[in-house]
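Next come two complexes built around chain A: one with chain B, the other with chain C.
Coming up: the complex of A and B.
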């Protein structure tokens, strides 16, 4: 991402003039070998991992002074609402913007370690391809099926309790932390074959995505919309998707998702609800035959 | 004839609402964005979205009052018909977003709850927790995903808009864009191109805006001939958390709940703030504004905080301007109950508990009222005519602009919770006009001669190759950007002075020269963020020049544009007659200034690389301009004199009309 360097704003003084050691797992492109590279940046108060990466990009030199291409990473809002900057920081999946250097150094004083998420194909360095995550939202039809965008008066009345139940689920920013931490969500990285057209490859990749576990984030969105008065009009379609290959039955109940969610979304509650709803739906379908 | 095809650039609220409506109307949409659209900057909006509603209506509110508040808040610098149309659409837009599943906060009976925001007396603002922008964006993202699933929308995420493609008659026929992963170029033939690319905060280095808000798309449109309106009007929010990477917003409600703003009287006092005695603290807002104290209007608070750090040298820190926003004297339970959300943000990002330690805050560039100049068609009822191809069309036919990147709705100052409305409204409303404007020659996208696209694509490729091939002066683009940001923040934010603006303009030209010679450190052709940034930096200079030149030429104070040399003080005299005389003079001066300066600034790219500035009259046919007097000494008397004059003018007008009828 774009990396303005504002180091000159904050010349470190006195005892603050120390450097932070950073170890970055780099990869030049998909399919290439990854390699570790060490960097050092000047410590400043209130730094987060984003500002560390900005210094690295601006310096474009490794710790031993070798000119290197700037490290590549994703970010946008820098206030933990856009979901862009997920990475493995000191081995834990989290957002780089809200990962404060002082805290990280308390955890691990020697150095800060940055790795790309392991469940998504690496594009370059810390940038991964999370299209499968968004495909998951499409699989479960995570939307309210309105007729159109013309004026038909207000939406349905909703009690404060329902709103308070729905709102946390609706703060999911598609960062993918829950997927990175999930033992059932494994990397799917199809490679385009010789002579395969872009369209054919796209279709094959989509198919592979759809056989893989849909993920806690999508299960939770399905529950969000199945609880909405208009959204529930296609509740069955969502449950059908959740009980198909790669659906809710793949969840191993490790409960890692809820532990790593930066927004504290009750993902396991959604999963439990989805499990119950799927069972009821499957039985109902059996009798409807 | 082939199905019409429209390219939408930007997937925030404006781009998504336009896409949703276009797809619904059967248009094939290519939706292109620097980031996955769900990660657009609209997610950062917190407070809410304005509209008259059932409750306020019964308290005397109306669409007209919302319109009036918006125009008055914007110091009358916006064409009134589009603003009226937006206010009229407000209730329909909130209803629509409600239907799309936005989890608006609810009353015990299950209606949407509303809160009060700045610039109005009514509880007009619907909200979803403290993440209203995020919630609105997600609802539109979901609808667009639905259209994507049915094949009506194709998303191009991680793509950069490089240039509009214009035919020989200057009509926009598509665009050239670049894949930010593979770095491949591609031309997008389109029957219309809609820019919805947001603000340009990165021209100021750090701001409350997201990292994609470089303004590159609008700068590129401008460099291809699109006019730019009111560039000098940039909103600065008084309280943000300074960060090495970004300035994060700290809501005004902290002061509303009793927070006090202060600095140590000793410059950069090294002591723990909690140990500094009261007598050695300067509560400068309370001292200078005994009536309003810490709750002076936003522009005044911003100006004072800026002034005490920049000109009086009393910043808390030596190397970084900031003042204390102190909540530590307030009971903890009270703070947790009323301010929990924003305290948590401070805690998360600063690693300090603001219940124990005063927060360090500073104003930050927040919103761009200016943007690409766009047209509109006035309707018979004084609003905007739906379905007219003129609506939101830039000065390049076939190229449209909606959302923060247009200049249409907020004049000289934006009211809180009006941006979400203007973004959704402009995207949704303009769609039918965009369609109506298609195929004047019976041709659709792709039927243009290939040479148009080939040459445009080659031009961008050459530019890119040349950038990669530069063997530079050793200058670093990130360093140049940092210097640009510091310069722009120093001279073109809160307080503006002509000599500084003139010097800064020359300095920007020097920075641009340095940019011409700087080299990229990554010369590869795979996910090269370094070259993409360097390119967007180059496109910040035209915007910086528009802002500086517009500000330099505009010798008045209006909304966010404050020039002390042209400020008109309040009334000084104490005896009635003299005071009355002063008020008359004040109104004379106001009338003269209105005649001279109540005009939009319109910048066009000059052949010499400098913006050519002209001024456009403003349609004030619905609301006659009146003085904006909040907080001014003698406001009551000035208002009285002004009203007398208006009434007298109306009487004369009535008499003249009567004479005309008799004759």
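Coming up: the complex of A and C.
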């Protein structure tokens, strides 16, 4: 077996009773003021930010010993494939599950800072409402349209080269890191007005989402399905959506998306390909109508 | 001690949830407007910048060579003003108006994500604003458009006495510094915009192609910056008195050739009477055909 305490040679374990200082930006409900709260957690080897949050929730006390409501956060798979635990850790967007405490303390030993994503409305503490992210995927029809009751036989063959090209794009987990880091993707948080019905508010929110920038993730998914032999049957519909308000033209080429993507998806290649497809499509529309 | 600190609510620029008629027009034609914005940066605004800086650099070859280039531009005569308005002023105004709109919609985050691409994104916006402010100043300082604004406080630029009036206008060190900053901002904005434009239109899509395009953009930028700085050096080397007498000589010659004043020794031709209107002068040509 491997050595029982693999982190024994790490200087952090020198002091067994060492505590980690954590600063969390909390918010009790949507639209409320946010506030910082300090917590301290006993250090254990090989912790990640999720295990730190679990200790904070179990303790439910701030650093000065005051009982507080447990900090809320989102997580699921704990292996960087579900995309639900995105938050701002030491000021940068990343997945909490793959953010290892030892690495975080190396870059900033005094404290770990946790904030909710800034581009989505906060539901509570570190939980945000990412409906707009999924609406972006709907806008570009990020699927293969095969809703049918007939057997159409096997689909067309996809060459290994095409598979290699498409596979990285298919690893997108809708974590929203690309959107959080994008200077062109700004927060849309409509507030329900007095006397506004739930349906009216929903419609107004959807309208605002649909005029906002669709985002790098959706552009990349549109390119993934436009390259798929069956998916490309509605390629024009995707391009129509990508050239509508809030489409591909909103990209400012800051290229933060590709720099922060936890899956290393070539998002800027997808964006440039979408730009090329949009150019060709717009010229066709201009002359073929 | 204090575990809870209240912070102000984080506010980002957000898309309005209600659309006015103007906003609706911009939304519906967003793709077209942004693509025209991108194109106008290259043609005609960028192309004009290149011609302008290379023309200026001809002053390195002496006052007479510069005067020759200026005369070439002014040989357009009465067409020059409409050409300036249609191909320079209106495109710059359009590019600036859409540009400021784009800047207002973004939320730069270079502090949190100090990546090269993000720094370039932020610089692109900063240099755009600097270049626009500089162009406004440049027109007030030298152009005929600015004549009513500058009045008699500043001498301005006379195209028939290009080098001497320019040397006088550019006399102070502060002015040289101002032009240096404004010109370099415009050059950066154009060179980086060239690279960005290629992604927008889908000319370079892979990371390798983007790197190659980047090299080309850097070369273009360096050449233009050298031309611009060279013309500032060239203006400083102009001998105002010598340039003025050369320009006066050329001016006299031009007016004689255009028939505004008689050629020396052309007896019988009245002042202001064009030479070519003399029927005896045209007679041999007519019989020759």
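One rule holds for everything that comes next: the second predicted complex is superposed on the first by the 269 of 289 C-alpha atoms of A that agree within 3 Å, B and C clash if a C-alpha of one lies under 4 Å from a C-alpha of the other, contacts with A are read in each partner's own complex, and residues count from 1 in each chain.
Assume a contact is a pair of C-beta atoms (placed from the backbone, for glycine too) under 8 Å apart; a residue touches a chain by one contact, two chains touch by 3 or more.
Just so you know, these numbers come straight off a predicted model, no measurement behind them.
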Combined model on chain A where chain B meets chain C, clash or fit: fit
Greater chain A contact set [chain C / chain B]: B
Which of chain B and chain C A:18 touches, first, second, both or neither: neither
Contacts of A:289 with chain B and chain C, given as first, second, both or neither: neither
Partner chain in contact with A:57 - chain B first, chain C second, else both or neither: first
Chain B and chain C, minimum CA distance [Å, superposed model]: 18
For the chain A and chain C complex, residues of the former touching the latter: 25, 33-38, 62-64, 66, 91-92, 118-119, 181, 183-184, 186-190, 204-205, 207-208, 211-212, 243-256, 259-260, 266, 268-269, 271-280, 282
Residues on chain A engaged by chain B in the complex (per definition of touch): 1-11, 28-29, 44, 46-48, 50-51, 54, 57-58, 60, 67, 69-70, 72, 74-84, 97-98, 100, 102-103, 123-124, 127, 130, 134, 137-138, 141-146, 148-149, 151-155, 157-160, 162-163, 166-167, 170-171, 173-174, 225, 228, 230-231
List of chain B residues in touch with chain A within their complex: 17, 20-21, 24, 35-36, 38-41, 43-44, 92, 94-96, 98-101, 103-112, 128-129, 131, 134-135, 138-139, 142-143, 145-146, 148-149, 181, 202, 205-206, 210-212, 214, 243-246, 248, 319-320, 345, 348-351, 428, 476, 478-479, 481-482, 485-486, 521-522, 524, 526-527, 529-530, 532-533, 536
Chain A-facing residues of chain C, complex: 1, 3-7, 9-10, 12-19, 27-28, 30-32, 34-35, 102, 105-109, 112-113, 115, 117-118, 120-122, 124, 196, 199-207, 210
